[in-house]
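Please see the structure below; I have some questions.
Which chain is which? They are A, B and C, in the order written, and residues in each are numbered from 1.
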């Protein structure tokens, strides 16, 4: 069952191309023979019950976990072979902030910027903070930020190095209305500029409203959600 | 190569900054090290002349225990902040990440030793401040930090992680511990540098090569 | 390993090969013959007396435990490079058998030491090294059992198998320097000519061969059982994986 919505025309390879992916944890087969294709510049919402394997799928796509079987191409590179190149091209927002509590917002971003060997980490960090309306908190330690602010900083960390593909695991959880709007605007701009987004969420209405396409992960497979089409409320 | 060293430096600098702000590792490990020395003193009840004879053993058992805590804390702190996942999402090489963590633990342990050595010299009435012991300490600490970092990366993932680290770590580190005790005893008896130092150097070199490679293998899920 | 867990439902469990069965029979015959030779044919040692007979089983077990740990090293190394389950099965089986052999070698050593050296245990280099070996490979089995998943456990055990093996020579030298009353080796490259009577040497070599066959039989059996375990895990996966949630 290969999803072929928005099949890319011309030379652009799909942002994500997964064939026959299987992955088990202990005695549990979480993903079985899964196929998924996501074209460049599109926004995919990924639904599924708790434990359906959404996070596992994202971890495989981000090169953090290795598939047991199947082929995985992300941003034009196959995993796990070209994991380092893939890491440069993707940004990940996971359940955990992946931030250091005793460093300031700016220090956190500059630290990650250096690990991505950005040419001017400080300037890029400041710019990203501004994009997420955190510039007034730049020299505040993460420990002292509110939950929503930490989440925004986590998003800033993910987009800092200008990836082409964003993988978001329930990014809107715990965000207030303003932050959600900020995130929506950011992701819209992102796809408008040719970036690709894959986002898991429990909020079906929001997922349907934001995304170009929505799929459900159940029984280890991807199921298209027919009700959702390219309908965007703007 | 410069990029590799740059990454290691960035990682170490970040850990030093975090430690400077929270001071939770150095202070607790230091107090723990002194406590071990104290417990030994009560248990062995050394008479005035005996301190120097018992000093190497007390010193290295105390340092082995506090070293275990140092590597665990350095790693658990990364794990608590979710940072290891963050580091693994960057294109930084796994070798650099490993060496960054190992170097941090090495520096923390040296800092603790810099306080414990003079303290033990006074407590045990043994001249522990000599070149022979300094070299011994550096070589032993290097191996401790390298293997300790690898095994704590494994131990934090397992059930009963508190017991897993010493169970994995101590049997393998034993040659280094024997070397450190014998070499310190040699230095204390006025012998200077002992024949144990090259053996410790070989140990360090072997595991400095093997451990980063093994770390890369562990980090692939 | 999960990759063949997926295919497990296709291939039925292979029954134990005919070769393994003959090997088992051979092991039984050789072991009985070995016992006969050791207790009824071999002469009592002029100096040590009857207790010397333990040498015929103690030494082969010690030697074969080294072979086992070498196999752990090889299996672990190839497994980490190729990540194919068969090498992990070899490493796992060899680790378990190696630990059993080292345990028995230590126990027979202790039984021998009491009448000969007058103590149950002494911190003599080879004994100490063997004890450390035992600790390393027990830790290797522990880390496999306590890992969050089978596949992670395999990787952790492989790392300990490699690091532990690399450590053995250093452990040996350091303990040698540290303490030096074990009888000098009387067989092998270090043996002085004539240290062992010809009949004793012949029985020893026979015993070594018998133990080698037992070793190979156990190894093949353990690998086969491990393969069945993997397939059982695969069947559980395929059937929805609700069975035994806590099992590794």
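What we mean here is this: contacts are C-beta pairs under 8 Å (C-beta built on N, C-alpha and C of every residue); 3 or more make two chains touch, one makes a residue touch a chain.
All values reported here derive from a predicted model rather than from experimental measurement.
**Student:** What chain pair has the highest count of contacting C-beta pairs?
**Tutor:** B-C
**Student:** Please identify the chain lying most centrally, where each chain is represented by the average of its Cα atoms.
**Tutor:** Located nearest the centre of all protein C-alpha atoms is chain B.
**Student:** Roughly how many whole angstrom separate the Cα centroids of chain B and chain C?
**Tutor:** Whole-Å distance between the two chain centres: 32.
**Student:** Please compute the C-alpha centroid of chain A, do the same for chain B, then give the distance between them in whole Å.
**Tutor:** Chain centroid spacing, chain A to chain B, equals 38 Å.
**Student:** Can you work out the whole-Å distance between the CA centroids of chain A and chain C?
**Tutor:** So the centre of chain A lies 48 Å away from the centre of chain C.
**Student:** For chain B, write out the residues touching at least two other chains, lowest number first.
**Tutor:** Where chain B meets two or more other chains at a single residue, that happens at 220-221.
**Student:** Can you list every residue of chain A that touches 2 or more other chains, as numbers and ranges?
**Tutor:** Nothing qualifies.
**Student:** Taking each residue of chain C in turn, which ones touch at least two of the other chains?
**Tutor:** In chain C, the residues touching two or more other chains are 148.
**Student:** Under the definition above, what is the set of chain C residues touching chain B in their complex?
**Tutor:** Touching chain B from chain C are residues 80, 132, 135-136, 139, 142-143, 146-148, 151-152, 155-156, 158-160, 162-164, 166-167, 170-171, 173-175, 177-178.
**Student:** Spell out the residues on chain B that touch chain A in their complex, using ranges where they run on.
**Tutor:** Residues 3, 6-7, 10-11, 14, 17-18, 21-22, 81-83, 85-93, 220-221.
**Student:** If we count contacts the way the header does, which residues on chain B are in touch with chain C in the complex?
**Tutor:** Those in contact with chain C are residues 147, 150, 154, 157-160, 164, 167-168, 170-172, 174-175, 178-179, 182, 195-196, 199, 202-203, 206-207, 210-211, 214, 217-218, 220-221.
**Student:** Can you list the residues on chain A that touch chain B in the complex?
**Tutor:** 59, 62, 64-66, 80, 84-85, 87-88, 92, 94, 96-103, 107, 111-112, 114-117, 157
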